[in-house]
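Common to both upcoming complexes is chain A, partnered first by chain B, then by chain C.
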Partner chain A sequence: MKLSTLILKDLRRAFLNPFGLSMMFVAPLLITGLIALAFGGMGGEDAQVSIQATRLVVANLDPGSAQAGFSAGQLLTDFLMDESVSNLVQVTSMDDAEAAKAAVLGGEQGAALIIPADFTTALISDKSSTLHLYHDPTLTIGAGIVRSLIAQFVDGFSGTRIASDVTISQFSGRGLPVDEGLHHQVAQEYTAWVTSMGEQGSGQDPIGLTIRTPADTEPVENPIQGIMARIMAGMMIFFAFWTGANSALSILREDEEATLPRLFTTPTSRQTILGAKMIVCALTVAIEVVVLLVLSSLLFRIEWGSPASIALASVGLVVITAGFGVFLISFLKSSRQAGGVMGGALTMLGMLGGLFTEGIQNIPAAFKTLNLVTPHGWALKAWNASLGPGVGPDLLLAFAVLVGLGALFFALGARKFSRRFA
Partner chain B sequence: MADAIVVQKLRKQFGDLVAVDGISFQVTQGEIFSLLGPNGAGKSTTISMISTLLEPNSGEISVMGCSVRKDPMAVKAAIGVVPQEIAIYPDLSAQENLVFWGKMYGLRGDTLNRRVKDILEVIGLTDRQKGRSEHFSGGMKRRLNIGIALMHQPQVVIMDEPTVGIDPQSRRNILDGVKELNRQGMTVLYTTHYMEEAQELSDHIAIMDHGKVIACGTYPELIKIVGELDRVDLGLSVDPNLGIESLGKVDGVAKVSLEDGKISFLVQDSNLVLPRLFETASRNSFRITSVEIKEPNLEAVFLHLTGRALRD
Partner chain C sequence: MRVLDIALKDLLQIIRDRKSAIFLLAMPVVFTLFFGFVLADPGGDADQRIPVGVVNQDGTGLVADAFQTVLGASEVVRAVPLELAEGGSVDPLMAKQNLAGVVIIPTGYSQGFYEGRQPDLETVLDSSSMNGTTVQNELQTAVLRVLGAVEAAQISTEMVESRQPAQGEAEARTAWEDAFTRAVAAWSNPPFQIQSEALTTMDANDEPQAATGFVQSSPGIMVQFAVFGLLLPGTVLVDERQKRVLHRLLTTPTSRAAVLAGHWLGFFLVSFLQMAVLVVIGQFAFGVGYLREPAATLSVMVAVALMASSLGLLLGVTAKKEEQVILYALIGMFVLSAMGGAWFPLEITGKTFSTIGHFLPSAWAMDGFQNIVLRGQGFGGILLPVGILLAYTAVFFAVAVWFFRRDLRS
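What follows is the complex of A and B.
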């Protein structure tokens, strides 16, 4: 009974504090909202998030193959210039690769695609060829879209080659004649089939890019949402760590306000008093996470993962933030030191953990590894994994690490506090 | 009457500092007992040990027959502690504070509601019960601080300098409140460095200095320690530090100290000693600008026992 009295009192104080509330709920939603606005708007019931079309210059150096009778470079250029993708890329073409690069450097174009001379040859043979995409480093989403379009085109060609190889292999196996005309016939029929499948599958929709939120098997019309989910997850993790530490800080604040020593003079055990504080840490973060999940779904139309994966990621986050908060604050001598620790240490750990670089592409692999040195990095890993379909091994691993680390931090912090107030 | 609190050979050391050095005293049920001494004398440390906040290095304490060491929960249930700091939740109202602390003492339901109502009346905050206590004046906060300790009707109230930093009117209210509690049968252990408070309130007074009880008894018993000495306070035309050495050597001066810019003397007969003090001042080329002859009080006792003023 006294435990619940203590918990309710602390929860009440936590949720009566305007600064605490703004850091728990307003700040993460506001930052994510500003990012959403920067991308072109937030979804209402019928609203769409729009992306400004990326200005792309294509320098096609591929003359094509006389043997094959087509130019893959020209096909790719035509594909990118198709009306159906004009809302994503605005393409102009140039003959000179250097001039195309200069256009990006000069800021006239957002990206330049250089199609090499051996592109067709490479696609119809086992050789490799490299497409070069130069882009404005600030264009993370636009560059990603261009990459996706190119990948889709190249995948289509690979499919043609595989279809051709399989057909010829089967013809040879049955002793049937194989000649050059067969290659062409297979390629044409495969292309016709893919085109018809695309038209049937997408109805009135344009060909080309379909972007799905990682959790969804259905394509979504709003490509921002997947990125928004990751950005929101990063913000939620960062501010959940702040809340965990801030809740634990109430132990020091009450000591300084003399209410903690006064509590110790009541017929209540110290374990009950300190235990209630620890429980409040976890409960406060749990409430914050649930509220942020619901509000972010409503405000930004973020489609989080399956209930099971969200539950695992949430529990992991609650355990690690409460445990780490108690651990971190146990090192402080007074609440006056908290500003530096919570502002500095948590921000630095958040940066190392990758919370502020989520959504940026081409992050070096070494940085991704470095992320996992921090509890923040593991929390981010869990949330990113939870956005995928179902409960995968990545999520289970991250969950286990979060719970294990959280329990360890919690035990160390609680031990330090118990000794301090013994 | 039985003893409410018995302290025997109590000792507490923090590193090299001996805060409480083997003190012993008894508080009888139904009395007001004051611990009087300057800051750093060990009063608050003693209080902290009696209220189970600190564990003694050695010695024994029992409250209402229960050992602090063996049965701390029974001791906690028997006492109400008024800490020196205002230990209330500023973001909760007076009523919410009382409800919370009442629950921490195990009160529930009608009993709790009745006690909250009663205490609000006693501390004069019925009209302000819904207001957040952070908006209260210093005196109102002090009263709430005391009210919290009375919620569970403790047998012993321990008050650690409850009048520090408040206005004279609030101080008067608190002192009257303490007397009223005592009239209702509550035992009060009171610490202060104001000798006037100890003098006005206490049945027994223990004077502490440097962790030791240097004198203990009723007010008349303590005054007898000074004997027939008079207290004389002199103001000088020069820095009193310049005059204290020469004036302190005057025949008939028992003790001398500096207090509030004046020199305090304990003298055997002020009629005989005063002319000698004037003569010495004249010989040393400074003037005596004020003379005050006082009846012996606790200040004089402390001066007599330690050679220092209580507020040094």
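What follows is the complex of A and C.
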């Protein structure tokens, strides 16, 4: 009875504190929401990973060829201005190459494509031609996207020339006469093939590749949902550790406010009082995790893993955050030290645990190993594993480590507190 | 003189607090270091292309070889040859070797093309991840080049065949193989190429820097912690008000304007000194070219520090408790950093987000630093960002003064 009264008193205090509520619920949802807004709306079935179109200025210096009856430069410009690629590039054209480069330097354009004067003549002769793409150095992936788009089109021209050259060498090798019509015929056939590939590639399926998802990864309809789930898991873990420590901090606060010594004078055992504090610590994190899971599903349409996986990851998180919170706070002499320790230590550990780098690609493998030096890294491993199909060995291992470490931290912290208040 | 006294008092009070060392210096340096490595420049010494496993079950098949050659020349992915035991699965290998994907060239892949079919490569990757999407696009480019070579060989041999039929199957196959080999070789140096380069105003002696690694993390973390550092001056003001020190100060011949200006100057000094240390560390420890244009860098630092100190003043006069200061500083840091491009470039976000981002002072602070270290611009390149930061300074300061007066009246 005394235990439940103490627990209810502390829970009420925890959930009536606007600052605590903001850190438990508003901050993780706000950060995930901001990142969601940045990369693809607020989740849901229709959300797509989207980035803004790169502003590209094209200076087409290619007058074309009267002999060929077309301008390759104009064909490329028309392709880049086509509605089908307008989500990737926003194209304007200029006559002067220097003015186009100046527009990039001035920040009005993200990139400038200079199509050389010999572009068409190179196509109908045996010469080479180089297009120049100048980009703003602050562009990271936009320049790559523009380059890839141009390369797709220019590869068609290169392929035509290569097909033509190969055919001529085959004819010459067999002593067959090479006439003007041969070039034309090869170009026609290769262009027809390029067109058919373009039509084939306009659907969802890649050309010449059969793709399956790795066995330990749940296939998702929408990539943004997978990324969102990982980012939300990272934020939930970070703020759950904060909540665990903040709940344990109430032991010090009550000691400073002299309510704890007064409680010790009542016929309630010290074990009951401290035990209640530690149960509150676990319950607060448990409520936080459940609320965040529900709210993130509703707000960002995140599809978490199976109920069994979520249960294991949640229990593991509650045990480790409560245990670590008690352990961390047991080292403090007063609540005034809490700001630096909670802000500094938890942020550093969260960073090393990989909580802030979910979604960044190409992270060095050493960092992933380093993650597991911290309890945060194990919690992240458990949550990432819980997103896969069913309860796998990775999740079971992470769960066992979290519970084991949590129990150890808890025992050490509780021992220190018991000695302090003996 | 009184303004200076108050400013120095704030400066000493903040510097003497142990938390200052953590929040103003240790954390930003560690964050810069960490994100600098995480966002490391792929152009460094180590091969940082995305690793992709290749299982060749087609032996010495010509098309299989060609695919591996084309993929081997990729600037985006690094092909890692894998051996797969009979009946084994590639999935455990992917996790073990930290591969972003695996391509299996099936038995009979090359033969399929001789027979006029277009066999598929079996690919295992997580297309819901950024790495998976990138690998898929790169594999698609490589496959299309190989298919282009197959088509060139097909067109060529059919045309030769129409004029001079081959003497039997073996000769026809040799002709096809010869044409295909020539086509694949030609793809290593295609006739139409794209030369891509970053455009800067730097001298020929200056080495252009890419927006990766420390060049992204150093100014980003500096802007982030300029906002988060508001925590400390904000706490000083709240503490003064809670202990009635501020009200006692106003009973002295010190004017309200002098009190406010003194605090503002103190906060400015804290913010400026923090940035000065981080700029020096960024330049000499992380190789970020802040000192390429010292006067321009100094101007941006002053503008950011002025903006941050005004925001700190606003935070201090609006918050009632220390907890509120922490909360406001955290929310301010998250919003200004994420939406202002301090964590990731605004270029990779959606258009709406990017547009909103440029309504925030943090985006202009990032622009100012990037115009110097990445675009190589001098004083001319920072005038607009500095002007906008000063405008924000004026707005934040005016609102802070209004709150301060209202607070004193009540």
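Throughout what follows, the second predicted complex is superposed on the first by the 243 of 422 C-alpha atoms of A that agree within 3 Å, B and C clash if a C-alpha of one lies under 4 Å from a C-alpha of the other, contacts with A are read in each partner's own complex, and residues count from 1 in each chain.
Note that contacts are C-beta pairs under 8 Å (C-beta built on N, C-alpha and C of every residue); 3 or more make two chains touch, one makes a residue touch a chain.
Computed from a prediction, not measured in an experiment: that's the story for all the values here.
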item	value
Chain B versus chain C as contact partner of A:Arg262, first or second or both or neither	first
Chain B or chain C, by number of chain A residues touched	C
Partner chain(s) touched by A:Lys101 [first = chain B, second = chain C, both, neither]	second
Touched partner set for A:Met351, first chain B, second chain C, both or neither	second
Partner chain in contact with A:Gln185 - chain B first, chain C second, else both or neither	second
Which superposed partner A:Leu16 touches (first chain B, second chain C, both, neither)	first
Touching partner for A:Lys2 - first (chain B), second (chain C), both, neither	first
Contact residues common to both interfaces of chain A (with chain B and with chain C)	none
Residues on chain A engaged by chain C in the complex (per definition of touch)	19, 22-23, 26-27, 30-31, 34-35, 37-41, 49-54, 101, 104-105, 110, 112, 119, 122-123, 127-143, 147-148, 150-152, 154-155, 157-159, 161-163, 165-167, 169-171, 173-174, 176, 182, 185-186, 189-190, 193-194, 197, 201, 206-217, 219-220, 222-223, 225-227, 339-340, 343-344, 347-348, 351-352, 357, 359-365, 367-368
List of chain A residues in touch with chain B within their complex	1-2, 5-6, 9, 12-13, 16-17, 257-259, 261-269
Residue ranges of chain C in contact with chain A within the complex	18-19, 22-23, 26-27, 30-31, 34-35, 37-40, 42, 48, 50, 89, 91, 94-95, 98, 118-131, 133-134, 136-137, 139-141, 143-149, 151-153, 155-157, 159-160, 163-164, 175, 178-179, 182-183, 186-187, 190-201, 208-212, 216, 323-324, 326-327, 330-331, 334-335, 338-339, 344-345, 347-354, 370, 374-375
Of chain B, residues touching chain A in the complex	51-53, 73, 76-77, 79, 81, 83, 85-92, 100-101, 103-106, 108, 148
